[in-house]
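My questions all concern the structure below.
Each chain gets a letter, A, B, C, D and E, in the order it is written, and its residues are counted from 1.
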Amino acid sequence: MSQQTTQHRKYEARPPIASVGVIGWIRQNLFNSPLNSVLTIIIMAGLVQLLPPVTKWAFIDSVWFTSADVCKDTSGACWSVISQNLRFILFGFYPYDEHWRPITSVLILFGLFWLSYYRQFWSKKLLYGWLVGLVVMGVLMKGGIFGLVPVETTQWSGISLTLLLSLFGLTAAYPLGVMLALGRRSTLPAVKTLCVIYIELIRGVPLISLLFMSSVMFPLFLPEGVTIDKILRAQVAIILFTAAYIAEVVRGGLQAIPKGQYEAAEALGLEYGLKMRLIILPQALKVVIPPTVSILISAFKDTSLVIIIGLFDIMKTTKTTLANPEWMGFSTEAYIFIAILYFLGCFSMSNFSRNLEKTLKT
Amino acid sequence: MTEQTANTFDASSSEPIIEIIDMHKWYGDFHVLSDINLSVERGERIVICGPSGSGKSTLIRCINRLEQHQRGKIIVDNIELSNDLKNIEKIRAEVGMVFQHFNLFPHLTILENLTLGPIWVRKEPKKEAEETAMYYLNKVQIAEQAKKYPGQLSGGQQQRVAIARSLCMKPKVMLFDEPTSALDPEMVKEVLDVMIDLAQEGMTMLVVSHEMGFARSVAHRVLFMDSGQIVEQNTPEEFFHNPQNERTQKFLSQILH
Amino acid sequence: MTEQTANTFDASSSEPIIEIIDMHKWYGDFHVLSDINLSVERGERIVICGPSGSGKSTLIRCINRLEQHQRGKIIVDNIELSNDLKNIEKIRAEVGMVFQHFNLFPHLTILENLTLGPIWVRKEPKKEAEETAMYYLNKVQIAEQAKKYPGQLSGGQQQRVAIARSLCMKPKVMLFDEPTSALDPEMVKEVLDVMIDLAQEGMTMLVVSHEMGFARSVAHRVLFMDSGQIVEQNTPEEFFHNPQNERTQKFLSQILH
Amino acid sequence: MTQHQTTASPGKHPAAIPFWRDPDKLGIIYQALALCLVSLFGYYIFSNTQANLARQAIATGFGFLDNEAGFEIGEKLVQYSAADSYARALAVGVLNTLKVSLLGIVLTIALGIIVGIARLSTNWLVSRLAAIYIEVLQNIPVLLQLFFWYAIFHDTLPMPRMSWNPLPGIFFNNRGFYYPIPESHPVHPWMLGALVAAMVFGYFLKRWAKERQDRTGQIFPVGLSITGLILGLPLLTWLFGGTPTALNVPELSGFNFRGGLNFSPEFCALLLGLVLYTSAFVAEIVRSGIQAISKGQTEAAMSLGLRPNRILTLVILPQALRVIIPPLTSQMLNLTKNSSLAVAIGYPDFVSVANTTINQTGQAIEGVALIMVVYLFISLVTSAFMNWYNKKKALVER
Amino acid sequence: GETLDAVKARGFVQVGINGSLFGFGMPDDKGVWHGLDVDTARAVSAAVFGDPDKIKYIPLTAQTRFTALQSKEVDVLCRNATRTLSRDTELGLNFVTVNYYDGQGFLIPTKLGVKSAKELDGASVCVLPGTTTEQNVADYFRANNMKMKPVVIEENTELNQAFFSGRCDVLTSDASQLAGIRAVAPNPADYEILPQIISKEPLAPAVRHGDDQWRDIVDYSVLAMIAAEDMGITSANVDEMLKSTDPNVQRFLGVTPGNGKALGLDEKFAYNIVKMVGNYGEVFERNVGVNTKLQIKRGLNAQWKDGGLMYAPPFK
């Protein structure tokens, strides 16, 4: 009978032609109902209208490495505004001859990200790698030892500042956020109330009000004569802000740990600190890696707001370039360029977190 | 208890309610069902079994058009299944289906689950629909749970509600897709009892199931499927004691301990 | 196999390791445990049974202070359980507990699960802790799984690891809360065997369990609880064949088929 | 029920537990410590601030609110001029924030639902486009998007004199979007009355239809007829009220259009930017909400013979909403908070006005405090409302 | 004084600067700062350290500039700030000698045919916030009984773009900026600056109350540039001028000592300023003058003898 089956299969194996292959795909994915057919046609028409002029502007008629004067005469995009000012846009007024330092730092960062992308590299070593990497990057940027020219943090600008604010913001906010989350789940009412007030207060106000606070109010909070660097103040605002969001994420992770784990730890005689450190947090923090990555993404995007208090992140350096009379008027190109930078950063991170979610689930 | 249901069926006495002729179905390039021919009489009870992936679910899902077949014909109660929405609706109103995972609507009470179809599809007045619903709930012996939500019931109870929900549409045919396989052993009996009750009332039933006891006691015919084909069909006695096909023999040897 | 464990215990021969005197516990307004008096001798093995919600779990959870009692005294190995953190720590180090759902730490390997307590609570050197751990793993017959993670083991294996984890703390008393009720029937035996082994070595054990076979063969005493009270306690023979209390009789009639 | 151990333990056990070993006492100590630290910190900041303010002779208090503001605001929902007080200027700012937030929320939800459903479309092109929409808009900072849209608005739209005039009386130019409003006429209040009447009537119609369906089983097309009523009744009133057709049409006079109403480019850019950005997130929420409903639900509903639109309204949506509402709430709050970026593209929202106020009065503390309080208030009210709604939904469903 | 000691101990001057104002304070594409305000700051550095580049520039927004000075985040503010009474008193600042005389005016497209600011009734006006301009223009319209629609945009770049694209009918700002903005317009001839100057905007560096020595140092650093131009000393001829016999020049350049000691600086401070930064005329022409993109004429900022307001007291 099994023979018979295979024979039978052979002579009846092909499905109707319209349901497989390219035609089948098109029918099933583009024209599977009257509404869908109409939508497909409308979208196609729209794309045909839109794509050629955009391509013409962005590629065919565009100029890439010219002076500003040439740009004024072209009908296409003036990418020269980027190419001629690239180093300023990326590194701001970091000393011109020292640009290799931020470049190296960024490469180290990419390397670390790349390693973290693959789960087989995940280990304690990678964690230490990150810590060492961050320190190396800091030393490289700051200088002052190993014969490196010292560079004030006020001179860190452009992409260095963006990365500094978002990465360091997250790193520093993380322990604070974990503490807040533990506090919020504490049985001590006063501690819990304080944490709840903090978290809800911070989450209820816009980041720029905190940035304003850091720039106009913060100096008034300090005793006379003590000043804190402007970047550091903004960094503090970002840390305080991010911590509140991390706290909520971590709280979710803590809630996902079954009560049995707490009890088993207690039954072994582990006291609170050890119980949290050895049993609960390692599990909870693993659960919340994907939402933490989304917070990193938001932090990365949100650093663009420091422009409002006059810090030279990559957005501000771009705008400063555009404030130069020579290059005024090419804002579209410049905005597209940094939009692409941000997009690449955020998209790869969100892809990473989506992959992670999948692998963590299984 | 099952003594009354004679396991014989006089096929000549009535016209077929379901007729499947030369039916084929593909998923993309994969030939799930090939060359299916099946005719089900009114009041007939058929149990379908076969190894996993052999196309049992797909076959009964084709009957109420949860899946679309690509070649051949399916005729239910003299209506041919085609792309015509009106026919599909008519057939769906006449064919009840009970799923492995119950698929009750969690946001509605048991009673609302039961009256949803009658009110919105059969356009019955609410009161009447509720009376019917209570009648069937009584029948599956959970009338007292009418105001609860599905999440508050046990699996066996949920499956009984699902059966009652189908019955409220007064279907001519009931399809069951492994109705007891997601249940704890103690609950299987509750559900099988309800199904046997139904059988005794003469409902036409197509049941995908590996409950051989059930098949033996109520089925008029047992179908064995393999690789998308109906390989063997016979009365339960013949099927279990005297399987013709080699595949069937092997399958039965695994199931019957 | 269980013939060697004589089901008799000479209570006078040793001083009690656990003494519970006039203990009461409330959850809010709900009186979960009332008027509990119990004295457990060193080496004694007690099985606690009773209907669901009768407070069995709560009772043994009170003994290592997973729950706090509100009135009365619990004295373990001459230490009274009070709010004193030091005493609580001491007692927890002496009392091992095995849960229904194993509660192994999923992010640690089996070996790490076993050495966690010795290293961090008893402050043993790692090497020594690992040797002990391997010893107990051997004892529960899964030494070869030491490097795996809990998720990779079957339920029965997990429960055996959980027992080994408790043993690594070299406890004087072991508490078991329905250690086999979350297991598939085939795995129950594996775990019971390990527990019987333990019993033969003279470990003091309090076991919440409905495994009457286990109770009969190893327990010195069987306690029956109902509505938060110890209703009856007796030797297994007496308990099973000659229950005094009406509730006990009813309960036993349901359990013993 | 707070029984405590009353008896001291006998003999060898000391009666008093040292406080550092008693979890209850430790708890109290920790809390006291936390409170102390927080208040010390607060006091430290307060005293420093006091000293700094005194040293720099900066005025404190909210007295400045009554002073004359002395600056103009470009867009306002209530009367305001430079001669009014700071308080009024700030109120204008709050109203502007509310205006853009409320309108933004409504549009965001509508757009988000459309894109979210498009993401699930069986049409490959549609779902791909929706995916691109979501990815691109989610991953670019909203501030950059605002800059971009603002540039588009003032760069590509024509000057007022060369306005794009798609319909008579409607003008698009780089000063905004102008549209006519009817000249006031005695029939207008009546039309408003008719609208209210239509709504009241619609409500009763709905109840009647439900009652009739319960009774007879017949289904009445409620949605259609209520729409008809709401449109038709005012129209009828208008017809019988003498069909006044006089319109207050925007006209070019002097530098700008006069008459009619308009939305400024700043407002449009802000609204567009916020709506596009947030709707990408909402679309994801909607998509996952719908996907969270198992396929079995649809199949069960289908096998009952329900029509696709009824499956959606009776089975899928009520379940999906429960999943959707909590994250949706936080997106609505995000939109409101992000509206504070208006300051970057010249829409006079609350932060922008407060900013100018801080500059002119030098009272940064009061200004920033006001900003925080206002947003906090909006956040709290919104989440209170959404929680209430969520509870109501949950109650009805569960 | 305290500030000078702190600055010397630190090794550099902290200067608050406008980060993106072309001609006054903005980095070039190598990240190097240029502008009139920048050169003023460099003059201070040259005076204190004999090196014009011992400076930490801190870009400040309009809102944060005064706080930064008050909180000692910066030692001197060279950020085109208008001297006003309330700033001088309530905000606790001391403005020094004006380094640029400005006034608020209007820039308008020629094709509108407007010849006077009085014809602007109903106009949309682009304004930069955080400065006195917002209030000035409101006052002006109120005083003349006219209506206006302000469009208040935080960023110079955005503001200029909005104006050129016709979002506003008129742009109001300090005349210096108007010239610059006009200069970079797609077609400068299409725009003109209206004759009305509606405010006085003396832009001056500022220091904190309470440290007179530091105030004097900053003040005389600015004045030294002005005086040098007055005396005809330039960075090119300053070394020759050392040999000048004019006692005023000798005193000025520190050949005859005294000035430096009085200020607590090196005797050569003025020499250093002129040598390393230049005199006021040079600085002006280099950053904003007619040969730059901004093409601003000296006007009020000419020396007193040329009909301007630049006038330095005797250096003795």
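The working rule: contacts are C-beta pairs under 8 Å (C-beta built on N, C-alpha and C of every residue); 3 or more make two chains touch, one makes a residue touch a chain.
Here is each chain with its UniProt name: A = General L-amino acid transport system permease protein; B, C = General L-amino acid transport system ATP-binding protein.
Keep in mind that what you see is a predicted model, and the values were worked out from it rather than measured.
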Give me the chains shared as neighbours by chain C and chain E. A, D
Quick check: which two chains are joined by the most contacting C-beta pairs? A-D
Going by C-alpha centroids, which chain is farthest from chain E? Tell me that one. B
Per-chain Cα centre nearest the global Cα centre, belonging to chain: A
Determine the centre-to-centre distance between chain A and chain D, using the mean Cα coordinates as centres, and give it in whole Å. 25
Separation of the C-alpha centres, chain B versus chain D, in whole Å, is 50
Distance between chain centroids, defined by C-alpha means - chain C, chain D (Å): 57
Cα centroid separation between chain A and chain C, in whole Å? 50
What parts of chain E, by residue number, touch at least two of the other chains? 63, 67, 70-71, 154-155, 161
What are the residues of chain D that contact at least two other chains? 52, 55, 147, 151, 155, 343-344, 355, 358, 364
Indicate the residues of chain C shared as contacts by at least two other chains. 85
Help me check something: in the complex, which residues belonging to chain B touch chain D? 64, 66, 89, 92-93, 95-97, 99, 101, 103-107, 116-117, 119-129, 149, 151, 162, 165-166, 169
Provide the residue numbers of chain E that touch chain A in the complex, in ascending order. 19-22, 26-33, 56-61, 63-64, 67-68, 70-73, 154-157, 160-161, 164, 180, 183-184, 186, 293-294
Touch list for chain D against partner chain B, complex: 213-219, 294, 296-297, 299-307, 310, 314-315, 318-319, 322, 397-398
Note: in the complex, chain E contacts chain D through residues 62-63, 66-67, 70-71, 89-92, 112, 120-124, 129-131, 134-135, 137-139, 141-142, 148-155, 158-159, 161-162, 165-167, 169
Name, in rising order, each residue of chain A that touches chain D in their complex. 28-30, 32-33, 36, 39-40, 43-44, 187-191, 194, 201, 203-209, 212-213, 216-217, 219-224, 297, 301-302, 304-305, 307-308, 315, 331-332, 335, 338-339, 342-343, 345-347, 350
